[in-house]
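The data blocks that follow each hold one structure.
Consider the two complexes below, in which chain A is the common component and chain B and chain C are the respective partners.
Right after this comes the complex of A and B.
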């Protein structure tokens, strides 16, 4: 039996993983979530702001990370809209513009009282990475004279008197890499003491932990944290329970669980094979 | 016939047959839009916006089948399957999807970069009147040309000079300026956020007390672990002293801390990859094949 596994073609593992994840998605299995203290911190940071506060939503990711990060961006958008915060969307990634559009579609369909230019604005993308952050913290209109559609910022009520982002009550960054959360901490949150929370991919979460709690109020790491965040949002705003679109990350946790069980099983199996092989070699 | 050829042929025939039956009976992979007339206040210009709607609203009078979005769903689905096929082995479908991805990404980045960098920043500042009458009507009529932007224009042209057959050295001056400016910018940010602020973050009490004077064991343990972990990891990266004796033992503990960190990182990575896989499969099963309907997009169809 062990000899069979020793020479197993890795494509069987791929197929097995595909089947396991596919089965969990097709059966739409869901599990209860218990929000961690970190997730509650992030939630409270937005929730404790007075209604109508100014929030900069920097969505620095592309379609490759959408599966992991869009649920976070959607949850942040819903919570901010519930609190009637003024939203300023911005991205440092060229493919980030359609990602912002997805969040704006939530405002258009679920929060129809939200008016473009009065309650939210889409500043879009500017090339330059951290240089963009450096400029928007000092003189935003030197770089952003107009919004994503070409409308002059002086003609938009929300941005007419906006000099820079230092007066923002909070920066919310959803980032998949560089430029992303780290750069927002380095060039905006730390030097200008602006409160900030971040949502990142699993790979990007560990390097951000040292910034907590002084430079970052909290982070959401990967889909698990996104799922817990959705749960916190549902507990605070129970009317969202009827909105299945507000439970995207929770849906993704079913496949996560079964895939992780399979991974753990394979790691144990791999170790059993390794040690039995070594014992056989020693005995020979 | 080769075994792989038989497998591929069987998969193609079975998959194609399933798609034909599914599309002709239940329906699949269609996208609908609602036509919304936009008339901004105080403006004589109006246009029609196309907002994506769920297929269950397809019978509404102002809802239409969107061919561009429908084709988009099919292309995305077939490209996803083509990329997945690499897990079996390299093949022409994978190569095609890879080439499409690289080409479209490069084209998109170039178009967006040109529009945002050149039109929206450089040309807008150098020739505001021309840009107002052509590409960006929202530019303020009182805006004058900012001749300071001649500097990045000249530096940009110098950078492009490397493509010329002679005088390639000219590009090095522009490159030197760019590297120097970036290094200065980053040095300052790292010093402030990652050096000074990180030292500040490490100066924490090892014994934490509640308001009533009793000790908060959990927080105290957490703080001790942070300080101890930083100390042993710093010792591991301190190479001015040979790692033997007490230094060797401490640095070995540092390795353990680093290994636990890498393990946590690996776990996060696995979670991220599975999330991406389930995101793609959900797209295939929901938006393309209409096998599941988690958000009730097709109720009543």
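Right after this comes the complex of A and C.
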């Protein structure tokens, strides 16, 4: 038996991973979530803003990390819309434009009273990374003459008198790398004292911890935090319980749980093999 | 001369941005430079595209190993470029119905949108998702308790893997309030992330910051010229 595992073909592991994750996806198993203090901090930061505050939503990610980050962007969008905040979407990533579109679809379908140009605007993408942040914090229209559809910003009520983003009440960044949360902290939130929260991937979260709590009010790290955030949102706005789309992250925790358990099992099995081999070597 | 002018441009631009950061009066100078930077960055796309085409077309023409992948790259690149610039399948915008190119390139139903939605998106997601398979295989083969450091890493991995799922709550929720700090989710967040990770990352960040200052000064003063390439 042990000999079989010692020379285990990795394709068996691939198959096992496929089966457990597929089973969890197909059964749509969900687990109760207990939001952590960090998640509650992020939630409160948005919730405590007066209704109708200006929020910059910077969505800096691409389809590769959409699975992990879109539920966060969706939850932020829903919460901001519930609070009737004015939303300014922007991205520093070229493939981020369709990602913004996902959030805008939520506004169009679930918050039909939200009007483009009056309640939200999509500034789209500009090349330049940190350079873009530097410019939008001082002179937005120098770089953004028009929105994503080519409409002049002076013709849009929400941006007509907007000189720069310094007057934003909050920056919400959902980012998968660079440029992303770190750059928004360094070039916008810190120099101009703008409140900021961030959502990021599992591997992207640890380097952001040093910015908490002074430069970042809080971060959501990976799908677990997104799931807890959805839970907090559901507790505050129970009407969202009927909306399956508002529970995307919670649905994804099932596959994550079984994948993690399988990994733990494999690590234990690998170590059992390792120690049995060592014992055999010593006895010889 | 070929090296002196780029050196001067780098030095002047760099020092101007430093001055603009510290002296409010000069902030607009910095903005001007950043505006130029954004325009130059857009030109870099053309340079990048040219370089990509040159490299892959040469590979195809020389029939070097893996030339088929290069052919696919060139084909995909030209196809996306053509679809995007030509706005294939995109109707004119409502605002300018008489201008055929006034629609948005990502208009739902357009060729570019279709390729993004049904090719780029699933391919990107698949590449990212495949990590789970490789990590599982690597965990089985390489994550062995061979020495003290490996054991510490193993214990940390177990805590984080369990603490980041519902399993962590189920396994340690029975602990009394006085021992709540030992619950797996609390250990993950309060101890591993907020103590060890925070301290380590802060030290790395300060180190990187000091490194950036020193390297930037060397570049701005012309001591380090490696970014200009060889003569």
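Everything below uses one rule, namely that the second predicted complex is superposed on the first by the 284 of 284 C-alpha atoms of A that agree within 3 Å, B and C clash if a C-alpha of one lies under 4 Å from a C-alpha of the other, contacts with A are read in each partner's own complex, and residues count from 1 in each chain.
Going forward, contacts are C-beta pairs under 8 Å (C-beta built on N, C-alpha and C of every residue); 3 or more make two chains touch, one makes a residue touch a chain.
Just so you know, these numbers come straight off a predicted model, no measurement behind them.
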By the touch definition at the top of the document, which applies to A:22: first (chain B), second (chain C), both, or neither? first
Return first, second, both or neither, reflecting whether A:215 touches chain B, chain C, both chains, or no partner chain. first
Considering only touches as defined above, state whether A:49 meets chain B (first), chain C (second), both or neither. neither
Is A:266 in contact with chain B, with chain C, with both, or with neither (first, second, both, neither)? second
Just to be sure I read the superposition right, which of the two partners does A:244 touch: chain B = first, chain C = second, or both, or neither? first
Please work out whether A:108 is in contact with chain B alone, chain C alone, both, or neither, and reply first, second, both or neither. first
Who does A:131 touch here: chain B (first), chain C (second), both, or neither? both
Quick check for you: in the superposed arrangement, does A:185 touch first (chain B), second (chain C), both or neither? first
Both chain B and chain C touch chain A at residues 14, 17-18, 21, 64-67, 95, 97, 126-128, 131, 134, 143, 150-151, 202, 205-206, 210, 221-222, 224, 256, 259-260, 263
Quick one: in the complex, what on chain A touches chain B? 11, 14, 17-18, 21-22, 24-26, 28, 64-68, 94-95, 97, 105, 108, 124-128, 130-131, 134, 143, 145-146, 150-152, 154-155, 183, 185-187, 190-191, 201-203, 205-206, 210-211, 214-215, 221-224, 244-245, 251-252, 255-256, 259-260, 263
Sort out for me which residues of chain C touch chain A in the complex. 27, 30-31, 34-35, 37-38, 41-42, 44-45, 93, 95, 102, 104, 106, 113, 116-117, 120-121, 124-125, 127-129, 132-133, 135-137, 139-146, 154, 157-158, 161-162, 164-167, 169, 185, 189, 193-194, 197-198, 201-202, 204-205
Would you tell me which residues of chain A are touching chain C in their complex? 8, 10, 13-14, 16-18, 21, 31-34, 36-38, 62-67, 95, 97-98, 101, 126-129, 131-132, 134-135, 138-139, 142-143, 148-151, 202, 205-207, 209-210, 221-222, 224, 253, 256-257, 259-264, 266-267, 269-271, 274-275
Would you mind writing out the residues of chain B in touch with chain A in their complex? 51-52, 84, 87-88, 105, 108-109, 112-113, 116-117, 120-121, 124, 135-140, 143, 185-186, 189-190, 192-194, 197-198, 200-201, 261, 264-265, 267-272, 274-282, 285, 291-292, 294-296
